[in-house]
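The same chain A turns up in both complexes below, where it pairs with chain B and then with chain C.
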Partner chain A sequence: MRLLPGIPMTLQLAFIASAFGVFFALAAALMQLSGNVVLRSIADFYVFCIRGTPLLIQIFLIYYGMGQFDFIRHSFMWPILREPYWCAIFALMFNTGAYGSQIVRGGLLSVPRGQVEAARSCGMSQVLIYRRIILPLAIRQALPAYGNEVILLLKATSLASIITLMEITGLAAKMISETYRVVEVFLVAGSLYLLINFILSRGVAVLEKRLMRHTAAERPSSRVAARGAA
Partner chain B sequence: MKFGKLVLAVCMGLAMLGHAQAKEWKHITIATEGAFPPWNATKPDGSLDGYEIDLYKDLCKRMNVECTMVTQAWDGIIPALTAGKFDAIMAGMSATAKREKIISFSESYGTTGQTFAVARGSDLEKMPHFGEVFSLETELPQAEKAIEDIKPLLKGKIIGVQTASIASVFLDKYLKGTAEIREYKSTEQHDLDLLAGRVDVIMASMGYLSTAAAKEGNSDMVVAGPRFQRGILGRGSSVGLRKEDTDLRDMFNKAIAEAKADGTIKKLSDKWFGFDVTPH
Partner chain C sequence: MSHASFWELMNFGPDGWGWSMMRAAGVTVMVALAGFILGGFIGSFGAWAKIAGNRPVRIAADAYTTILRGIPDLLVIFLFYFGGSLALSAIYRAFGGEGFVDFPGFAAGAMAIGLTSGAQHTEVFRGAYYAIHDGELEAAKAAGMTRMMMLRRIIMPLLLRHALPGLGNIWQVVLKESALVSVTGLIELARQAQIGAGSTRQPFYFFMAAALLFLMITFVSNRVFRFSEAHFSRGVRGAR
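After this line comes the complex of A and B, so read on.
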């Protein structure tokens, strides 16, 4: 099957972008919650711009837009921006960073204040509180939504085909242009995404279960207790 | 009995709706790309302009039918024709054997050949055989020798080309493995990347490249190397039609033959290309 060589490219785009994107998300979320007006405004503006514009246009702007300027073409960044591969990764990374930041922020806000105060009263430093209390709780809270975001990102990689990258959709479009068999080729391409996302969502579910082990163990016993009380 | 016939007629009519008004052609919809000057282009105000726009008006007058022109993205244009979204394609599309498996073509109404363009000042500007035309049908050995002559220069370079174009078929056949071939959705996109330095060479039709190089802002783009035509590059731009619409094809063929004979095609090609593209 000629679409299979596109899978590594699709996976690379999705995983590299989400691996870097998670730092953007965390940084933007922390900036938004920092209480510092300047930091918060920067993060707000970033999220506002990226969430408010289509990814397709962001890819076009990064790829064709930046190539128009001489000073960018002569800058140290050009060897990277010259490549459609990195342009796509940048666009996907900024994108998932913005959406992810809102998920992370929600997770951070869900950490009960009392736990943070308890940690502080034990004499933990701010960094330690983040490492031991806030982040583990926030990650657990944010994981289901973040898994969703990674799935969205994986599907968004299909847009990279417009800047000449031959991932699944790019190869599918090329095949269609040669064979004119639209339905068959897109059905196969769609199934490939479905398969990848199935594995991905199972992975997230397993991770979720592991992180929620305490509640999983609690649930049956609490149900028994509740029944006993009734 | 009569009623039965009527029902049958209505059913057949419905089945053919938007597909083919089989018997008599009063009105036809023609699709173009609107992004392939000088064949067809979209003006800043959104209206269409170009050789094919002038030509379709002339041909429709000769066929005595009313025509509407619509735009359709290049990479879906053949499936859309077979799906019945419109009746004909006039989009600088060359009649190739591969395309003829799916649709049929009228006689050609223009051919310019395929050639290369590079950035001004690049070492590829001096590609050999500039200005020479090779037919891949009648002069195949000479053409293949010309390809061998340019190969060393193209080694390891990146060539930009439009997906599913005949130039991409040529590159796949003759230059795959010599150079990296990068495929674009539209020719304008590979022009931008040639100027940005992302690709070293682009390949497209002579008609397109000579116009593109003359465009404002494209002064760093120069046409270079040999020109190829016919053979796998097809017999020239033709009207693309559904296979079953043979009557429509005959109508187009007759109109094109007339336009060729009375010099309309030469006149229009001089206006849009600056050289005669009348197929012989």
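After this line comes the complex of A and C, so read on.
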């Protein structure tokens, strides 16, 4: 199987981008929720620009676009921005950060006010409240949607093949043009993605179950209620 | 080469790239629209299969949505583009031709977008169908409507109203997905920007222009969807 060597590259891109992207998402969400107009506008603008343009254009802007400027070519960043690998990771990171921020924001908003007030009345500092109360509750709320976002990100890593990275899709395209066996290559590459996504979504489900273990007993009834409402 | 400024490059004169970029934006909208409509048809069938189909039909529809949501769109575009070219070449050779026939990028792109967005359409339509109250269907039945008339007068209008927000989301996704069709060589925005970047060596300006045009298309279509949501929900008593 000549597609298998592409798996590590695909996983690396997805893993590094999502690991850093989470911080972008959290920062953007906190900025959007902060009372500060300037911070909020910056975050809104970032999210609007990223969500309104295709990832491919973002990748091109970073990979090809940055080289247009001499001051970037001569800066210390150039050895990094020259590499398609890092360009792909930067683009994926900004991208997932913007989409993820909306999920994180929803999670943060879902934390009941009373819990925060209770924490404050116990004398917790703002940082401690975030660490012990808000973030754990928000993460629990946002996890399923964030799992979806990671799967979308994994699919999005396929675009890295357009800037010459040989991940699964890149190898698949190469194989197709060498062998003309379109359907076979497509089936194998597709199943690889399906398999990775399946494992990912199982992992998220297990994690979710662990985080929600305090509600394990009342779950079936709440699920019935949700279905009745839908 | 002298470094032209952004607006010098993007002017609408004979040396400017303005018109080419606008034309490419038109192609982007067309290929996205074609894929979106095709996806709508596939999605209607998919939703029907999931709601009313028997077991094998349901399983097939579930398999379709699970698979298409699990693999990258780019891979599907490759499948249609290379697969279509191979099929066309085979037909061409069967009639005594020689060599390789390129499958039209527009058709490959629209079909690939249609197939991938069809999976999302399926879920949106299915959700919208379940949002129709049983009472409304029972009332129609009680009034003596035939199934076709019920579909035409009750189900379709209500379903479209409930589906509109979801359809708006799919359109945004499809619009951005259409940039991937550039791999087939179809001259839409991403491809046109690449061409311009290559011949002027000002890639940043060209991809910036493409990004701005995408933002404009997104903005306008957002407005259209919001307007039609308000229009088609005007009989609804809501919390707002």
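In this text, the second predicted complex is superposed on the first by the 216 of 230 C-alpha atoms of A that agree within 3 Å, B and C clash if a C-alpha of one lies under 4 Å from a C-alpha of the other, contacts with A are read in each partner's own complex, and residues count from 1 in each chain.
The rule we apply is simple: contacts are C-beta pairs under 8 Å (C-beta built on N, C-alpha and C of every residue); 3 or more make two chains touch, one makes a residue touch a chain.
Small disclaimer: the values here were computed from a predicted structure and weren't measured.
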| item | value |
| --- | --- |
| Fit or clash between chain C and chain B when superposed on chain A | clash |
| First (chain B), second (chain C), both or neither touched by A:R73 | first |
| First, second, both or neither for A:W86, with chain B first and chain C second | neither |
| Partner chain(s) touched by A:L56 [first = chain B, second = chain C, both, neither] | second |
| Which superposed partner A:F186 touches (first chain B, second chain C, both, neither) | second |
| First (chain B), second (chain C), both or neither touched by A:K174 | first |
| Which superposed partner A:N197 touches (first chain B, second chain C, both, neither) | second |
| Partner chain in contact with A:T164 - chain B first, chain C second, else both or neither | first |
| First, second, both or neither for A:F15, with chain B first and chain C second | neither |
| When both partners are placed on the shared chain, which of chain B and chain C touches more of chain A | C |
| Single chain C stretch clashing with chain B - from 22-30, 94-102 or 112-120 | 94-102 |
| Set of chain A residues, in rising order, touched by both chain B and chain C | 64, 67-68, 162, 173, 176-177, 180, 182 |
| Touching residues (chain side chain B, partner chain A) in the complex | 75-76, 78-79, 82, 98, 102, 160, 163-164, 182-185, 189, 192-193, 195-198 |
| Residue ranges of chain C touching chain A (in the complex, touch as defined) | 67, 70-75, 78-79, 82-83, 86, 127, 130, 172, 175-180, 182-183, 189-190, 193-194, 197, 201-205, 207-208, 210-211, 214-215, 218-219 |
| Chain A residues touching chain C - in the complex, by the definition given at the top | 48-49, 51-58, 60-61, 64-69, 151, 155-159, 161-162, 169, 172-173, 176-177, 180, 182-183, 186, 189-190, 193-194, 197-198, 230 |
| Residue ranges of chain A in contact with chain B within the complex | 64, 67-68, 73, 82-84, 162, 164, 166, 173-174, 176-178, 180, 182 |
